[in-house]
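Can you read through this structure? Questions will come right after.
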């Protein structure tokens, strides 16, 4: 329990600032490095992150189990009320701080190998630094507004990194989609902010947490915030961007789209847990479990290695969200924590496979899609290290005992079990779904491992595949080691370790029966996978296309808004401008009339002499038209006029 | 103590323009440098002004001189003054004007056609803009307001693109229509208002400050708050407010009186586009906040839902239209429509947040749109083609340009850390809060307005995807050798804007310090005055 | 005794008819006919006024001289018409605009 | 109403109708014939106005001379064109306007002026032709001679102009 070092030292504050600002510095420095010296970035950026990570470790140790650290400065006044920008560093935040900097550092190191020779490497590291900064901003922000700021900024850096290979059209489209779907969620977040501001007049999380009564607006507000989470953490219905986001470089997928950014949603939920009313929580749980189930099913039939991992990420995020909905942020955070390591590990392994196969392809001048697992097989011989790492991280994902994933999943299952209550209700279905999800997780993980590493080599047989350099293997090794149970607790069957106990406030939580049941369930799943699904390929277009959500959105939202845009264009050009033109023509007509009046009457009078003499001149000149009859006519008229003049 | 800061700001460009008349037209360099010098001098004056300015002290740096005093017998005395000053509303806009005009001058360096005429018109425009942002006498304001149209008309009509005549005439007619509306109300106000400082004598005053006091209205005149005339179904004050609103809404521009803007922008040369988007549109919002709302507070309250709805329509409609635009400049012009809709929404809320947000939005949109139009100008200078689909993968050839475009686009989308975000969040909060604070706008308006953010992201990202990402390719008649990255001059004008956008997005407080007292006073004044005046049916 | 104003009315009518013929016909010969008609109208007036002063015959004399001049005019006019017709291949006076300034 | 008056009205009507139809007719040849009718009826009117000599001259010179010449002219030009010479009307409006307005004007003045007082019952001059012949040789001898010269000049001139010698311009 927290003891009382009420004062944090200046050294601590400097370290904290370093943690946050060094990635920002990395962003600035990397961006300013001239193209000729772009190799320098591979030293500077990881170095900055290393220092940042070291500082983060110190900060973590200082804060963990202690009083939260908070500091704030005035930012700007909204309608006379000063909104502050500040840091609120409690246990959860410190943990996230550590995870983010650590994994970011590993990914930086890994990227120096993976991205070597890339034309946009400075931009890459720059954005990676910016992302880390923004992510740390989310973690540390003490107010919802500030969190929203960084929330959007990570979206921006995610956009930039997904679209890193600008020449790839799919990348640009995926980046756009990611940002747009995030924006939709953010709009909800914004509405939540408006509700909170209107009802409380503050965004400060600490102040907000003082609200104990359950106001009716809280349900709406919390669901609005949850809309933001749907976008960022790819929850149903905004989940379709994450599989597409795999167009980005693989380390990015590992860092942003597996370990940290997508987990920001879960972090947000954990942080503003107090706002959520029971109804809102139930909604969160249902959405979470639905997402987990849908994504797990989709992961089952994907062929692209990164897409499998992406769907599995969505599925795991769904589980975390469901855990929050079940009222146990601690178990969600635990799973977030373990997931960050093993999923990053898996992505980096996938990255290694893609990277080395690409290099081998370039040497052998062969071209096939290295990400398609149907083209792969038997790689365990050529890539033994990667195989091992993949097995470890995969086991953690599948939730096999003695790996971290087992424990955190156990925590979630326990949380849902407790939440469902004794009486039979729809909540049982959530629990059942959670079990089904963990079952399916085992199957697709097994399928992935089996197809890639077991059996005979397929298209890769002739390729000169070698293990990547140490710089890439190192981070993977660290992540793999972090995926075993020791990370959580010494007891491989109890998730109530240092982490959980700190985050969890309340009763003793652990139910031994669940652990055993879960372990048995996993073993069942593994054997089912081995005996039933080992060599089966499931073809289901529905699942392959993620329940056709994309098509649905395109038809229901994309196309109508596009036609609406075309319609407004039409309205502008035809109706409004048409009206304007019509009135302009009317005006011109009137103007002509007036002009005629001017010329014929006003000018005739005003410019009397001049125009009269000219007119008379022209008039008399017209007599000299050379037409005899004309002469006669004019003469006669003159005589008539003369007669009238003389005789009257 | 006498200050002459504002007069300096207004008259230095006019003097320079007058002096320029006597310089032979061939001395192109003279005109460029003299205009630049004037701008820099204005910047210096502005710095001094900002130092002198004390936030929260109402209207300051006032200069007041008799201008027209005309005894018209039994009708009293017509009195118009040279009455200028700045407060929390005009200060940000004056800062913006000086800054943007400086950038516009740098951007005008490439103008080669009739340099003399161009820069003289630019200087006149400069004076008129600053004049209308500082004038506190309605007649003076109107004078500057009208004065702005003329140089603008010629700048578009002479230095514009292919359909420049059409665009300039459309611009002129639209804004002239607005001016007529304003003129009508001005005459009505002139008849109805007397100057309380002259007892015993009937002195008709044009001072906006006098007009804002209900007690200064002569009883039983057309716009007397207590006995306003009935014209048709509404009383004359409501009509007057509507006329003023329409007059300024055309300038703003508000859907559906916005169609002059895309055409004017598409045809105008880059610096003129910049001034048009960054400054002229602001006159609309400024006029509403300075004139329409304080003088007719009860009408402002009466019509607040209408104004808010029009704002939201502008936001959505502008966004949709931007999405359908095929021309890059047109797209940005429509995004301006969308963003100025936020100004309306914020003003309609009459909450301090909303008002401050509106003023901040005007300021921030000024910088951002200036940047965006300059960016379009950069591309147009090179290729003379603005069709979006004719470009692809520009990021590979124009790295720095793409970076700045990203800054501009994301700033315009309201990404945090850029100034637009601060403004929009304040407007959203204010508009949402209005119902519970003063019961004016329904919450749903703010919620619908968030669609504007999504639309903004949609059209900008789509544009980025089409023009800057993907494989490098040029269609149409664009020569490949015409594509090159930014020049030093272009850096010089774009980077300060980017820095300003970032600065005011990250450190908004210096500006909000100036705006906030005004916003609070304004909201409090309009609500109090508006509610004290009973609307006769 | 026929009242003199009958003659005068008829003369006026003939004169105006001749005038109309001159102005409206697009043929030189018709124009000549019109001129003849007008001359006759004046002759009629001369003769009619001569009735008022039967002692003097100046009116009739004048009428005679008018007839003589008319003969000359007709002869020369017709000659010109024929000549013009040969030259311009038209007898439409409008198409002969050599007199134009 | 005596016989003379009826004759007068008759010839007056004939002359007026002929003049009117001359205005309306479009065939030049018919026009010439109508003019003959008109001139003949005018000659009759001259007789009624006690101007027998003028009437005779009218018949001889106009109907017999000028009109024959004109008809010749018509036929000559018509021959070249190869079809009946039909004329088009031009300046109809202004022509009618001028004619009608002049006519109105004249009728107005004529009716406003009383000629009745001046009109005496003129004695039928028994020797009008005598008097004319006498007058021509005495009082009007100079005009008479001049008229002769004019006639001669016109004769020569007409012959020269109408002769078929090609001018240089053709």
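Think of it as A, B, C and D in the order they're written, each chain with its own count starting at 1.
Just so we're on the same page, a residue touches a chain if its C-beta (ideal position, glycine included) is under 8 Å from a C-beta of that chain, and two chains touch if they have at least 3 such contacts.
Not measured: the values here are computed from a predicted model.
Engineer: Can you give me the shortest step count from subunit B to subunit C, moving only between touching chains?
Structural biologist: 2
Engineer: Of the chains present, which has its C-alpha mean closest to the combined C-alpha mean?
Structural biologist: Nearest to the common C-alpha centre lies chain B.
Engineer: How many Å are there between the centre of subunit B and the centre of subunit D, using C-alpha atoms for each centre?
Structural biologist: 88
Engineer: Could you grab the centroid distance between subunit A and subunit C? Build each centroid from C-alpha atoms only and quote it in angstrom.
Structural biologist: The separation of the two C-alpha centroids amounts to 107 Å.
Engineer: Whole-Å distance, subunit C centre to subunit D centre, using C-alpha means?
Structural biologist: 6
Engineer: Please tell me the distance, in whole Å, between the geometric centres of subunit A and subunit B computed from their C-alpha atoms.
Structural biologist: Result: the chain centres lie 35 Å from each other.
Engineer: Of all residues in subunit B, which are in touch with two or more distinct other chains?
Structural biologist: none
Engineer: Could you say which residues in subunit D touch two or more other chains, in rising order?
Structural biologist: Residues 90-91, 94-95, 98, 102 of subunit D touch two or more partner chains.
Engineer: Do you know which subunit C residues sit against two or more other chains?
Structural biologist: Each of 19, 23-24, 94 in subunit C touches at least two other chains.
Engineer: For this structure, give each pair of chains that are touching.
Structural biologist: Chain pairs that touch: A-B, A-C, A-D, C-D.
Engineer: Considering the complex alone, what residue numbers of subunit A touch subunit C?
Structural biologist: Subunit A reaches subunit C through residues 621, 624-629, 632-633, 636.
Engineer: Please output the residues of subunit B touching subunit A within their complex, sorted ascending.
Structural biologist: 170, 173-174, 256, 259, 262, 317, 320-321, 323-325, 351-354, 356, 393, 395-396, 406, 410, 415-417, 421-422, 425-426, 428-430, 432-433, 436, 443, 446-447, 450-451, 453-455, 457-458, 461-462, 464-465, 468-472, 508-509, 512-513, 516, 519-520
Engineer: Along subunit C, where are the residues that touch subunit D in the complex?
Structural biologist: Answer in residue numbers: 1-10, 12-21, 23-27, 29-30, 32-34, 36-37, 40, 43-44, 47-48, 50-52, 54, 57, 59-61, 63-65, 67-76, 78-83, 85-87, 89, 91, 94.
Engineer: In their shared complex, at which residues does subunit A touch subunit D?
Structural biologist: 629-630, 633, 636-637, 639-640, 643-644, 647
Engineer: In the complex formed with subunit A, which residues of subunit D make contact?
Structural biologist: 90-91, 94-95, 98, 101-102, 105, 109
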